[in-house]
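This report refers to the structure that appears directly beneath it.
Chain IDs A, B, C and D follow the sequence of writing; residue 1 opens each chain.
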Amino acid sequence: MSRAWRAAMLAALLAVLVVALTPYVWIILTSFKSRLDALADHPVWLFTPTFAHYPKVFIDKQYLPLVWNSALVASSSTVLSLVVGAPAAYVFARNDFAGKEDLFFFFLTTRMAPPISVVVPMFLLFTAVGLTDRPAAVIIAHTSFNLSLVVWMMRGFFADIPREIDEAALMDGHGRLGAFARVLLPLAAPGLAATAILCFILSWNEFLYAFILVAFESRTLTVGIPGLVTPHGTLWGQVAAVAVVATLPIVIFTMAVQRHLVRGLTFGAVKG
Amino acid sequence: MRAGGARLGAFVDRQLSVLFVAPAFVVLLIILVGPFGYMMWTAFTDLSFALPGHDGNFVGFANFRRLMHDSFFWDSFFLTLRFVVAAVSIEFLLGFAVALLIYHQVTRRRLVLTALLVPMMLAPVAVGLIWKLLLQGDFGMLTYYLRAAGLLGTDQAVLSDAPLVFPAIIAIDVWEWTPFVVLVLLAGLMSLPREPFEAAVMDGANRYQVFRDVTLPLLRPIVALVVLLRSIDAFKEFDKVFILTGGGPGTTTELLSIYTYRMNFKDWDLGYGAACAFMVYLVVLILCAVFHKAVFWQEGRVSAPAPEPVAVTA
Amino acid sequence: MRKHQTSTQVRYRRWGTAGGLALAMTLGASQAGAWNLEDAAAPYRGATIRTIGESLPPLEALAKLKGKFEKMTGITVEVEMYEHSEAVNKVMLDLNSRRGRYDFIIQPHRELGRFVENGHLVSIKKFMDDPKLRDPSFQPEKVLYPRLWKEISWYKGKMYGFPFTALNMFTWYRKDLLANPVEKAGFRARYGYDLGPPQTLDQYRDLAEWFTRPGKGFYGTAIQGKRHEALWYEWLNFLYAYGGDMMKTASGSECGPIIVNSPEAIAATEYYKGLMKFSPPDTLNYFWDDVMALMQQGKVFELIMWDDATYAVAVDRNVSKVVGKMGFAPTPLGPAKKRVGQVEGWTYLIPKYSRNQEAAFLFIQWMMAFDQQLEQHLNGGASARPDVYADSRVQALPYSKAAMESNEAAIAKPTIPASPQLTDILVRELSSYLAGSKSAKAALDTAAVEMHDLLGDCAPLEYPVP
Amino acid sequence: MAVAFRGVSKVFVDGTVALDTLDLGFETGEFVVLLGPSGSGKTTACRILAGLETPSAGVIEVDGRDITGLPPRERGMSMVFQNYALYAHRTAYQNIAYPLRVRGAPKADIDRMVRAMAEMLRIGDLLDRRPRQLSGGEAQRVAVARALVWRPDICLMDEPLSNLDALLRLNTRTELKRLHRELNTTFVFVTHDQEEAMSLGTRIAVLRDGRLVQFDTPGRIYREPATRFVAEFIGRPAMNTIDGVVADGVFHAGALAVPVPGRPPGPLVLGIRPEDVVVTGADEAAAIAVTVDVVERIEPDLLLFVRTGEVALVARSLGKTTDAGPGDAIGLALPPPALHFFDAATGVRLP
C-alpha cells in the first residue's frame, strides 16, 4: 500500500469519526451552556460553563430515579431475553425437526409487528391482568422484541461451537441441561455479551412501550426526555444533560464488553 | 423405569428441545396471540376511543376498503418504501466502506469502533432532539456551518425546506445506524478465513477482484442479515422523525409509522389504525419471507453442514 | 355499553335518600358560614389522590401549593407531569381501560367531547350541590370568566370541572424598537402613518415587513409553521380576525355547518402565509418553543403568542434578553373589525372511575380559591378569575392587560369528540399549503371535505367543494 | 463387565441406514477396535454405546442390564473425540479435572488424579495452557487424559489419531497400548486404519455398510478373513484376490491356472497374501510365468507388482533380493496351504 493511499484512508476514517462524534460532543457542550449560549446565533465553542442543568433536572425535577428505572428495565429485559432466548437458539442450532425453519421464521416475524399498533392492545391486556404501571409490563414488552434478536444471533454462535463439545460434556458426566448451562454457555460467552449489549441498548433507549405501559413513578429516562420540551421553550441544557447521562451507562457497558462485542459478532471466533 | 431423583433429570434430558424452545415460543405466542391477535381483530372492528358508540363492533372489511382508497396511507406507504430503500442502501454502502477502512487500519481498531458506535447508543428520542438542535434554522450549529460553506442559502433552513427535509431525515438515519452496519460487517470481515484470499492473490486477482470475488460472496450471509435487520427497523422508524418534523412540512416526511401514530394516538381510531398496521406488517412479512428464502437461509444451509449425514460417514 | 351514569345515582347511594339530599342542601344554604375545609375533608383523611397534567409552570406551582392542602386535610396529592401529548395519551388509555389510576385529571378542554360522550366523566354538579363538600364562599359563576368557564369546563350544558388555565394568544412586540427615532422616521416615510403597536392586521404586516432585516439576522415576525398543533392555534387568530371559523356553532360542544373553506378563511390563510416572507428561513420548522426562543434572543419584532409563555420573555432575565423591552396587545383587528381571542385552556375533570372523587373535588375547589389562583398565576399560570388579574401584583406584569382583553373576547372552538381529529386534518393541510404543495383553497377544501366525512350529516358543507 | 449390542439398528431421519441389526459382545479389559471404511457405521455404533445416539431398534446391554435408555453420564463411559473437543475457555488442567468435578470428586482427589494422569501422559508441564496454545499431539493427550482420569469402565475413542502426523500416530499407538495395560480399562477404538486396528486391538470388529462382517483377534482376522472384503481391507499391501473359474480341480483366471484339488467346478475367488507368494526363477517347471511391472523397494521389504495376461498380483519378499526389473519375466509359486477361497457371489470365506 502506498504512503499516499494510506494517508488518504486515515483521513477518511478521521472524517467518519468527526461526523459520528461531533453531534454528541455538541450535546455534551450544550449540557454545560447557559440558555443564551445554547441559543446564540454563532456556534459557541468556548464559554463559561454552567453546571446548573444537571442538578436542575436530576435533583429538582427528580429525574435521578429514572436512571434506576431505566437500568432496572433494561437489565431485566436483557437477562430475561437471554434466559428465554438462548436455550431456544441452542435448540435451533443443534436439533433438526420438522418445520424448524418455519418456526424460526415465526420467531423473527414478531420483530416486524409495528409497535405503534401493538402497544395499545398490549396496554389493554396488561391492564386486564393487572400488569400495567409495573416495570414488569415494560420488561415483558421489551423481552418480546429482544427475544427474536437473541434467538437469531445466538443461533449463529451456538452453531459455531463444534457438536463434539456438547458430547464431550455429556461424556464428562453432564446431563444435556448441565452440558448446556456449564459448558456451552460459557463457551458462547462472547456471543452472549454481544447480544446482551444490543438488547440492552434497544431496551434502554426504547420510548413507546416504556411510555405507555409504565407508571409515572417508574418511567424510564427516555420517557422523561420529551417532558423537557415545553411550550415555554425546549430546555436544551436539561435535554442535553439527560442525553449525556443516558448514554453513559451504555458507553461504559459497551467499553466493558468491547472485547467481546466484535469477537462475539464474528460468528465463529469461539472455536478455540 | 428407574428410581426417583434421577427421573426428573432423565425427563429433562429427553425433552430438552421442547423444554428449551417452549418458553421462548410461549412468550412470543402470548405477545402474538395477545396484543398482536387483538390488533388484528381490531382491524375488523370500528373500535375508537374518540367517537361514542364505536365500541369495537364487527365491521368486516370496511377498514380495509377505506384503506384501499386512502391516498394519504398510500402516499405514506411509498414514502416509507423510498425511505427504507434509500436509507438502508446508503447505510450499507457507507457501512461497508467504513468497515473495510477500519479492517485495514489495523491499529486501535477497538477504540475507533467504540467511538464510532456512539450514534447508535443514543436514544432515538435524543437523536431527534440533537439533530433538531443542530439543524435549527437560527442558532443550529450545523446550519451555521452549512451556510458559511455556501451549501445552504441564508434564506433556507434544512427542516423548513420541503425538498431538503426528506433527504435530511435519510441522512440522519444514516448517521445513526451506519455504525451498526459497520459493527456487524466488521465482525464478519474479521471472521473470514485467510485461505480464500491467499488463493485469490495467488491466482493473480487484484484488490478489487479479491473484494468482488472473495470478500463479497463470503460475507453474503452477514450482508443479508444486516440488510434484513436494518430494513425491518427502518420500516418502523418513528421516534426521531416524529420529533424532527412531525411528518411535515405538509406530508413530505409522513412515514407510515407517523401516519399510524396519528390514527392511533391523535384520532384514537384504533380499528382503522389496526388495519393500517396490519397492512404494513403483511408487506414487511412478505418482503422478508422472500428475502429470507432467497438469500439468507440458502447461505445458512451451505455454511452449516447438515449434521446427520456427518455421523453416518465417519 | 358505555353510558354515563347520572351523577345523582351515585349520590343517592351515598346519602341513602332523596330526602337526605334535599335536607343537606337546605342545611348547606342556611349554615354557609359553618363550612370549613378540615371538617369537609375529615372523611377522606389518609386518602391519596393522583392527578396528571402537562409539565408546565402552573402545574409545578400546583405541586408546590399542594403541601398546604395536604397539611390541612390529611389527603395526599400526587402529581404526574408529562409533555403535552403524552399527558393526553396517558389519560385516554387510563379512561378507556377504566382502571381509575387518576382521581382527577387536568386536560386540554378540546378533549372534553371525547371524555363526556364516552361516559368517562362525572359531572361536578353533584359535588357542587353537596353542602358537605361545597365551600359556600366559592361562587364560580361569579368569580370566573363565565364564557371561559362554560367553554373550557362545560359540555352540552353540564359542568364537568373548572379551568386549570385559561389560555389565550395575543400580540408580542418590541416596544423599544418602536421608540427609536430613526425607525419612526423611516417607517412614516415608507408607510405614511406613525410607527406604533400593531392595531390591525395590515399594520401587523407592515411592521413585519419593516423590521425584516435578514442581513442582521433580525426578522419582522416568525410563524409557527411546523406540522404541529401550534400551527393551527396560531392560524386560528387570523381566521377569527377575518371573521372566519371552522364551523358555524354557538358553542364548542355543538356540531354545525362547516365554514372552514369560506372566502374569509381562504383570505385569512393567505394573509397568514404572507407573513412567511417576514419570518426566518426555518419558520416551517417552528412551533411555540422555537418562536419563543427567537423572541428571548431578540431576533424578532412581533409574534402572536401564548399568554402563559409571556413570563419567560417579559420577566425572567435568566432566559430572556428582552426583559423590559416587550409590549403586549390583543391580536390585531382584521376585516371582521372586532376584537378576537381564542378560548383555550386545561381543565380539571373527575373521571368516573376515580375512587376518591370527593377528595379530588375538595382539592380542585381549594385550588380555585383566590389565594391559590393568584399564587399559581404569578408563577406562570393563567387564571380564569378576573379578580386575580385585578390584583396589584398581577397588574404589575406587563402583559396582564392584553391577557384580560383577550380573555373577554375569546371565541370557542370545537370540543366535540372528533375535535382533535379536526385539528389534525387542518394541521396537515395548512402545513401542505405553507410548504407550497397546494393552494389555500385546495387545502381548505380538502380539509372541509374530510371534516364532513368525519362528522357526517350534522356538519354540512356551507361552501360545497366541486 | 460385558458389553453387548443386541440387534442394534440405526436409521437416520434422512433414511440412511447407519447400522443394520448389529450383534456384538465383548468383555472387560479388552481393547476392541471398530474398523471399517467411511459409512460402515463404526462411529454410529460407538456413539450409540456412549449414549449420544439412540438406536432405532435393538438394545445395548452391560452385564446383562439394558442401558439403552440411560443418558451418557450414567453409563460409566468416557470418550476421546476426533477433534479432541477440548473446552477452549479452560486450561488443560481444568479440562482434565472437569469430569471429576462434574462427578463431584473431592478437591484433593481431583488434583492428585489429574496430576497422576498428566504424568502418565507426560503432559505435566502443559497443564496451565489453554487448548489453543497446545499442539495437535498435546491436545490429543489432554483429551485422552480427560477421558481416562476418572477411571471410566469403558473408554471410547472415535478416530483419535487421525488428526496426528504419522510419527506421532505411531508413538501414540504405543502409548495407548501401555495405558490400556496399566489401567486395565476397556477401550473401544474406532478407526478406518487397519494398521491401527491390527496394532491396538485385542479384538477387531470389522464393519461394512452397517453390518458386522467379522469380530475376532487381529491374528485370526488376518489369517482367516471371513469375507473377501475383510481380506482386502486388512493387510498392506492387500491380499491378492483373483476372480476365476474352477474346472476339473484347476482354478483358471485368464492365463493363470492354479491347481485346487477337490474344489467343485464353478466361479471362485482365490486369495493369497503377497508375502505368501514365492518368487522363483522363470525357468522353474512348477512356476507361473509372469512379467514384472513395477518393483518397489521399501527396505527391508521388496514388493513386486507382476502380471500374467489380465491378472495382476503383488508379491512381497522380506529380506530377499532380486535382480528382476520392470519387463523381466520371472516365475511365481502359490503354495497351496497359503491359499484362501471365497464364494464368488457372496464373498464369504470357503473352507
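We adopt the following convention: a residue touches a chain if its C-beta (ideal position, glycine included) is under 8 Å from a C-beta of that chain, and two chains touch if they have at least 3 such contacts.
Remember, predicted model here, so these are calculated numbers, not experimental data.
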{"item": "Pair of chains joined by the greatest number of C-beta pairs in contact", "value": "A-B"}
{"item": "Chain whose average C-alpha position is farthest from chain C's own", "value": "D"}
{"item": "Gap in Å, rounded to a whole number, between the CA centres of chain D and chain A", "value": "55"}
{"item": "Intercentroid distance (Cα basis), chain D paired with chain C, Å", "value": "93"}
{"item": "Cα-centroid distance, chain A relative to chain C, in whole angstrom", "value": "40"}
{"item": "Per-residue overlap in chain C, given as positions that touch at least 2 other chains", "value": "89, 96, 217, 293, 297, 299"}
{"item": "Numbers and ranges of chain D residues touching at least 2 other chains", "value": "13, 47, 71, 82"}
{"item": "Shared interface positions of chain B, touching two or more other chains", "value": "9, 13, 138-139, 265, 308"}
{"item": "Sites on chain B touched by chain A in the complex", "value": "9, 12-13, 16-17, 19-21, 23-25, 27-28, 31-32, 34-36, 38-39, 42, 98, 101-102, 104-105, 109-110, 112-126, 129-134, 138-139, 141, 144-145, 175, 179, 183-184, 186-188, 190-191, 222, 225, 232, 235-236, 238-239, 243, 256-257, 260-261, 264-265, 270, 273-274, 276-278, 280-281, 284-285, 288-289, 292, 297, 304, 307-308"}
{"item": "Partner chain B, residues of chain C touching it in the complex", "value": "1-2, 85, 89, 92, 96, 114, 117-119, 214, 217, 225-228, 280-285, 290, 293-294, 297, 299, 417-418, 420-421, 424, 428, 431-437"}
{"item": "In the complex with chain D, residue positions of chain A that touch it", "value": "96, 162, 164-165, 167-168, 170-176, 178, 182-183, 186-187, 189, 270-272"}
{"item": "Chain A - residues contacting chain C, complex", "value": "35-36, 39-41, 120, 123-124, 127-128, 132-133, 211-212, 215-216, 226-227, 229-234"}
{"item": "Residues of chain D that touch chain A when the two form their complex", "value": "13, 47, 50-52, 71-73, 77-79, 81-89, 98-99, 102-103, 130-132, 146-147, 150, 156"}
